[in-house]
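Here come two complexes built around subunit A, the first alongside subunit B, the second alongside subunit C.
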Partner chain A sequence: MRLNDGDPGFKHQVAAEPGGAGLKACFACAACTARCPVAGHLPEYDPRRIIRLTLLGRREEVLASPLIWRCSACYSCAEVCPQQVRFTDVLTAIKNLAARAGCAPPAARAGASLLAKHGRLLPVGEFENEKRAKLGLPAVEERPQDFQRLLGMAPEGREPGEGPA
Partner chain B sequence: MKALMFLGCTVPVRNLNYELSARKVAARLGLELVDDPALACCGFPLKGTDQAAALTVAARALAQAAEHGLPLVSLCSACAAHLAEAEHRLKADPEAAAAVNERLAGVGLAYRPGVRVTHFMRFLLSEVGLEAIKARMVRDLSGFTFAPHYGCHYLKPSEALEGLDDPEDPQSLARLIQATGARALMHPSLKECCGGGVLGVDEELAGRMAGAKLKELGAAQVTALALVCPFCNVMYEGQQKKIAKSLETKLAVPVVYLTQVLGLGLGMSPEELGLGLNRVKPKELLQAMAG
Partner chain C sequence: MVNTPPSTPILILGGGVAGLAAAVDLARRGLACTLAEREPALGGRARDFCCKAVSACARCGACRLADLLAEAAARPQITIYTQALATSARPAEGHGWQVELAPAGPAAPLPIGPGQPLPGRVSLAAQAVILAVGPQPFDPAGKSSLGYGRVPGVISALELEARLVQGAWEQRPAPAKLAFIQCVGSRDQSLGRLWCSRVCCGYALRLARLLKASRPDMDIAFFHMDVQDYGRAWEEELAGLRREMRFVRAMPGEVAAGAGGPEVVFALAEGKQMREAFDLVVLSQGLGPPAGAGALAQMFGLARTQDGFLGRAEEPVAAGAAGVFVAGACQGPRSLTESIDHAGLAAAAAAAYVASTKGAGRG
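Up next is the complex of A and B:
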């Protein structure tokens, strides 16, 4: 790796995202990696390494890596970090940039279209509400319009202007 | 004490036993839960790809709760933590709150700081209290052992939650189990993550994460693993068969919700608490309750 090949602007771009600023406080102690429940089962997932690569400006390598989507968002790293880096939040900032660059896997993108379609992640219809009624539970409703408006999406999950339904 | 029930997306469709038992326990302990059908998603599932959208969706729920003037109580740990984090952030960042309010105006809502967000279990502990819960117990569950599973978002991120428990040495769920007379099992994977957060992108990895605890509890022969989050339930109960297959082992670890354990202690029947809906049933416990 040639250090001059890095993009020195990348770390500033990550730090400018909400939750990203902690990145610059990292002194590489690896408390995050030691406490990470994912790293325990998948050693190539290494929070400290992701921070180093980001600080070194390895933009493409970080944003295109499938590993950044392996975080379980458990916040263990954030609890043990002596520098208040809050790696969970730093990685959220990185993932948001990756998503804007078109690198998010389909599973990570599914939420918004489900909300636009159903107003919830799991659809509720008559079948679900009959089951609920039998147990004496109140009915739940789908109100997707609010989510379409808030997310700027059409009912079937397409962005506005993306073509007819 | 009155609160607004936040069901989220998963519980009202997939975890009716959790919802049913929580409502019964709340009613027995004198807590009134109000429902609003307009409440839906907390926004957490959007966070990985678009935090601004996730925050806006959370603020929608916070604005709805503010209209009721009630605290928001969630059965799902991920919803509880995401909504609490959103409140924490919006309260501290007027610029972010203004941006969110611009978007909320389009659906006729406005976020104002000051909504209390809590998890159902913390709500029981703060509003009724451990001693009062213990005093209401009518059925002794001594002789049974439950493994509490705290999961991640019941405890973390700690600065946005209520300080009722220590993420590195959690006690609250064990104390609730002990309130019924049952034993709460301390086990090596007590604080581990269920893996639910990565299920969508890497099922095999998620399975290894959940499998470690299931193997441990299988060997310990607990009465049941006791949960407080529907995502943990997806992993430990819903995926248990698949995990056993991929790890080439046998697993039959009964899984219950902690609200069902409390309900039994409060004298309710397994049917009332939806135990018929549990997929890996605690047979030994159900036999004792029938007898």
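Up next is the complex of A and C:
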């Protein structure tokens, strides 16, 4: 690996994303990796390595890696980190950059479509609302508009630029 | 009736190595001073430190306490009070300080080493004050993921020192497999302790080498982030130490109770998670500001460093109040030898201050 091949701006770009600022405080102590339940099952998933690669400017390697989508967001890493890096949040920043670079995996895109269409990842239909009515709970309405705006997606999961529905 | 001395040129608070070194340094200059120690015996934390020499001196400084105690006891210029606590202080007229000392607890039945218990409340006029109250080691229970006080077989580095001083493993078998975990209570933003304690790499590696010398087959793992410079020729020493023990560049995420002893959960360099059992896990606790730093700072109107130590980080011995000086690890993390050297600097500054105020305001 040639250090000169790295993109020195990459770490700043990640740090500028919401939640990404903790990246630069990392000591590389690997307490996160030691405590991570995903790393316990998937040895190639190594939070310390993802942070090091990011700091070294390995933009393509990080953004295209399928491993950055493996985090279960349990925040065990944030719990043990002596530097309060909050790796889960740093990884969210990295994933946002990856999605903008077109590197989001199909599952993430499918999730975005569901959000744009229903405003939820699990669609709520008559079956659920009947059950809620029996329990005396109000019916759940689907309000996808906020997500459509956030995701820049038109209703029915159309990508922007595909024309009006 | 006790005839209490009404004044002293220099009052030293704290009778550990720094306070003793300051007193001895002043006495060698021919200056009288009064040393007030809170505990029944002088020596402070250094009393519980073992000599770490293997084939040659490890320059840990533990032996220097005995020399300092002997010289402090022999110098007629030094008045020593034990079980003496400073309760209040106010600037004296002109210059200097009026300090109230009170007995700390009931007098010990027998004198322990040099000095006499404070006979009662004493109001002492001092032209200068040296604070040498020492650091507060981090309580490892504050880093709960490492299991101290909860997981059997997890001890603090100070407890290991005490065991070695007492010769605990000369009667029964020493542990065969041992782990040191560094930076416990140091460089840890989640604990609000951002500083490096500077002494832990040195004492842990010297303790590890001492144990290896008595039991060469002992398996020692050293969990760390990086090794800090801990004194002369440390890099040459390190090369040898790397062959004698396992240097693991990872901070454990957890120490859990296991059937075969405490289990350390950590990540290998390539990211693989490991769970390894040890006979004993030693937590290398860092040094923090003294517990009474806030009270002392209020008493004398002192400055405190960003990390809460006494005085100013950028000035070696000035405490931020006229005529008050700081010596040793209450000003910032220091080893024994560094504390002794620092106390010499504080003594020189205090002596110069006393000389500069001679005649001024007393005419």
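Basically, the second predicted complex is superposed on the first by the 137 of 165 C-alpha atoms of A that agree within 3 Å, B and C clash if a C-alpha of one lies under 4 Å from a C-alpha of the other, contacts with A are read in each partner's own complex, and residues count from 1 in each chain.
FYI, a residue touches a chain if its C-beta (ideal position, glycine included) is under 8 Å from a C-beta of that chain, and two chains touch if they have at least 3 such contacts.
Here the structure is a predicted model, which means the values were calculated and not measured.
Touch criterion not met for A:Ala101: it reaches neither subunit B nor subunit C. In the superposed model, A:Val38 lies in contact with subunit B only, and not with subunit C. By the document's definition of touching, of the two partners only subunit B reaches A:Leu137; subunit C does not.
Contact comparison for subunit A: of subunit B and subunit C, B touches the greater number of residues.
In the superposition on chain A, A:Val124 makes contact with subunit B only, not with subunit C.
In the superposed model, A:Ala16 makes contact with neither subunit B nor subunit C. Once the two complexes are laid over each other on the shared chain, residue contacts for A:Ala112 go to subunit B alone; subunit C is not touched. Once the two complexes are overlaid on the shared chain, A:Pro82 sits against subunit C while remaining clear of subunit B. Once the two complexes are laid over each other on the shared chain, residue contacts for A:Ala64 go to neither subunit B nor subunit C.
Within subunit A, the residues touching subunit B in one complex and subunit C in the other are 76, 79.
Subunit A contributes residues 17-19, 37-38, 41-42, 66, 69-76, 78-79, 86, 88, 92-93, 95-96, 99, 104-105, 107-112, 115, 119-124, 128, 131-132, 135-143, 145-147, 149-151 to its touches with subunit B in the complex. Contact residues of subunit A toward subunit C in the complex are 25, 27-36, 39-40, 43-46, 48-49, 76, 79-84. Residues 145, 183, 187-191, 225, 249-254, 265-267, 270-273 of subunit C touch subunit A in their complex. The part of subunit B that touches subunit A in the complex is made up of residues 7, 9-10, 12-14, 16, 19-20, 23, 35, 37-38, 40-41, 45-53, 56-57, 60, 89, 96, 103-104, 106-107, 152-153, 156-158, 167-168, 192-193, 195-198, 200-202, 205, 208-209, 212, 274.
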